[in-house]
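Letters A, B, C, D, E and F name the chains as they come in the text, with residue numbers starting at 1 for each one.
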Amino acid sequence: MTGLTHFDAEGAAHMVDVSAKADSKRVAVATGWVKMSTETLAIIESGTAAKGDVIGVARLAGIMGAKRTSDLIPLCHPLPIAKVAVELEADDALPGLRVTATVATTGKTGVEMEALTAVSTACLTVYDMAKAVQKDMEIGGLRLLSKTGGKSGDWKAPAP
Amino acid sequence: MTGLTHFDAEGAAHMVDVSAKADSKRVAVATGWVKMSTETLAIIESGTAAKGDVIGVARLAGIMGAKRTSDLIPLCHPLPIAKVAVELEADDALPGLRVTATVATTGKTGVEMEALTAVSTACLTVYDMAKAVQKDMEIGGLRLLSKTGGKSGDWKAPAP
Amino acid sequence: MTGLTHFDAEGAAHMVDVSAKADSKRVAVATGWVKMSTETLAIIESGTAAKGDVIGVARLAGIMGAKRTSDLIPLCHPLPIAKVAVELEADDALPGLRVTATVATTGKTGVEMEALTAVSTACLTVYDMAKAVQKDMEIGGLRLLSKTGGKSGDWKAPAP
Amino acid sequence: MTGLTHFDAEGAAHMVDVSAKADSKRVAVATGWVKMSTETLAIIESGTAAKGDVIGVARLAGIMGAKRTSDLIPLCHPLPIAKVAVELEADDALPGLRVTATVATTGKTGVEMEALTAVSTACLTVYDMAKAVQKDMEIGGLRLLSKTGGKSGDWKAPAP
Amino acid sequence: MTGLTHFDAEGAAHMVDVSAKADSKRVAVATGWVKMSTETLAIIESGTAAKGDVIGVARLAGIMGAKRTSDLIPLCHPLPIAKVAVELEADDALPGLRVTATVATTGKTGVEMEALTAVSTACLTVYDMAKAVQKDMEIGGLRLLSKTGGKSGDWKAPAP
Amino acid sequence: MTGLTHFDAEGAAHMVDVSAKADSKRVAVATGWVKMSTETLAIIESGTAAKGDVIGVARLAGIMGAKRTSDLIPLCHPLPIAKVAVELEADDALPGLRVTATVATTGKTGVEMEALTAVSTACLTVYDMAKAVQKDMEIGGLRLLSKTGGKSGDWKAPAP
């Protein structure tokens, strides 16, 4: 047994049967960052305060991206997403933007992929909007912070 | 002037006018990785050889993800994508999988976002398929390697 | 407090958490119209009776549009829509077509946006199909007629 | 002859053949409004200045909606949209928000439907975000202001 | 009465109201085939074993296609799909590939269309991947094998 | 060499590079049928004439389905479709409905898959609308009739 539940006994990919699972409240939190130069970060921060709201656009893209998760990830179940919140904050030490997404549902499977897709889409949108001033930004640190609910129980990421 | 071309003079987000640009061949290459334990990597590698083709599924998800780029990234132009290739290879030193995507078009804007979205979608799909055995995998190193074509000319990432 | 529930305390847009709400039957009815010349209306009416069913195409577009609501409206929850009906009828006094959409679900949030999106998509489709004969048609009167169900209770539009 | 080009000689709906048309620059401008109480407008205006950027969210929704036009309108051709700009401004006399969208392409058919869909989606999004404070807002005045380019030439709306 | 439930008493198409139905477990199984030359089948079979996994790609396309059913079929309800499995096997007697899809949900309507759409999408994908070597392949035998659950009860296809 | 162009030399699936191909007019015609009982066909035919236009709904679904082809078929290029026509006609000998779709583009690749997807979506929609009266309908005979244009030249199906 490989433990890869997305494949059946013959190794064929399938969407796992969750029809017998009970609906329960599930929450997942994921994070990631976009690393950039101090100059690019300053442009984004000044823009947000006045003109050119990179952070507002990226937040909305992340929220909408969460709703497209089952379209993008082949074996992901479509889910009635009940909440999406995406935060972006400047981190001068990175330097860059740190993104955190929280997704909740009352359903039969978890929303880990929805939270990760929200973060990823928000980071890609930041890259898109700032690439005219810096092309060598890097997206990284994309990982699950926690999940709660469901049969497998709660999980919290170890300190990085 | 902030240099953020996705905002107009009043700071309002817009999709930049490219109608006067000539169609030209454009190629972009992006990369990224999924870091995991040696055990998870071994499961994926054995699965690909025999049963449970994680890499094949992730490659296809990356290709299809490139086609959804303008749906996901708010200010991205829809483009007639002419080529998408996504490579995944195991790297024991990471340990994990390294992903590289090459996207080409003959169009009025570049395909940097399509290449980055392909890599990001492939990485997320790897995470989805292996999360039953390891939840603390990390996605990172997502960046543009090169772009060619278009008025702004060719660009190559500096050595990391 | 602004009362705008789609923003959190810091003013950031978010998709409101409805995971704690109970599933209940909810119905929304919306209306709108396309105003056109008497000649255009006559063409549409004769077409529907014989050849060129503008009303049939617009009705179907409205039904399918309701299913795309959460894709289009950034902070709208995806919902398992249980019913969509779209009616179009000629109004010689307008002159033009009046559109009414009824949407129902058993879910955690209302279907006001689904009903309004159905009407809007049907009206846009009428415009598309008749614009070869008249470009200065106008779409208007798009508003909610009633909603029932949910914690906030029933609501009925005041007489216009 | 009815003049309804979206139907063939037998009255069957079809997507008109534009393959023989030359690519040319085409621009369309459309407008519409959301009528609301003075109180709701004040909340939106104060929100935009400080917290809760209804106008920013609606603008982005309008831009993204333009890209979904051929998904929503059954007989509309998919087009490589080259530009989308959506403006929203408060009008105390309405009272409410006036929305204007400008869409451009270099293609074989016009972008009237894309401009109208952008306005419609932005208006629906305003409704969604403000409906917690006022349910009887009305969307109207949705019409084409002008189109340029293409074989049928330029067109400008008569004064309303 | 025609018995066509997708039309109301006036003959207008509508999405049938299922809001009063109870959620129950429902399963549907559908099948179909792609007929091809012995040579084409041999190429596909050798490819799957070594290079060029036509069957793996088609299986994934079928699974993802099931999730797009309510986007494609106008009057189909969106459903929280709980399971999709798609099998493809070579049949030397056909000669060609036989496809079977099983879809499950816990919902208010059946998943017959989802199972048929999965089979259809998998067959079309096989055609796409092999059309460079044979253009006159044929897709056929697409039918429902069984459905279980729901008020109308279980159904099993008669022997063909 | 297998001749399967959707795989590279290592057997990995990719979207073939068409960026160097010239834009040219391309047309594809595909066909298929839905076999049903004489009673079901009679219901559909009477419905179309008076109430319940199954054929009109299926035609529109086929046209819209053609536009979703590159979303559904993993390695299919997105294309600016220039024309879609879908015909359905009753065949008492089948008995059932015969569907023919014609798709045209001016682009870098052919529209065979778009024509086949249009037929398939129209057939599935007929099944959906009539399944309340007959569940054992069968979809078959889905094949390419002809293609013209492109480097590989014209092709016409042999007589069946």
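Quick notes
We take it that a residue touches a chain if its C-beta (ideal position, glycine included) is under 8 Å from a C-beta of that chain, and two chains touch if they have at least 3 such contacts.
These are the chains along with the protein names UniProt gives them: A, B, C, D, E, F = Cyclic pyranopterin monophosphate synthase.
Remember, predicted model here, so these are calculated numbers, not experimental data.
Each step here moves to a touching chain, and the least such steps from chain B to chain F number 1. The chain pair with the larger count of C-beta pairs in contact, out of A-E and C-F, is A-E.
Centre to centre, using the average C-alpha position, chain C and chain D are separated by 15 Å.
Averaging C-alpha coordinates per chain places the centre of chain B 37 Å away from that of chain C.
Inter-chain centre distance (chain D to chain F, centres taken as mean C-alpha positions): 31 Å.
Shared interface positions of chain E, defined as residues touching 2 or more other chains, are 13, 53, 56-57, 60, 64, 68, 71, 74-75, 80.
Remark: the chains found to touch one another pair up as A-B, A-C, A-D, A-E, B-D, B-E, B-F, C-D, C-E, C-F, D-F, E-F. Per the touch definition, chain B reaches chain D in the complex via residues 8, 12-20, 70-71, 74-75, 77-80, 107-108. Within the complex, the chain B residues that touch chain F are 25, 56, 59-60, 63-64, 66-68, 78, 80-87, 104-106. Looking at the complex, you find that chain C touches chain F at residues 53, 56-57, 60, 64. Of all residues in chain A, those touching chain B in their complex are 2-7, 10-11, 13, 32, 43-44, 46-47, 50-54, 57, 60-61, 64-65, 68, 71-76, 112-113, 116-117, 120-121, 123-125, 127-133, 135-144, 147, 155, 157-158.
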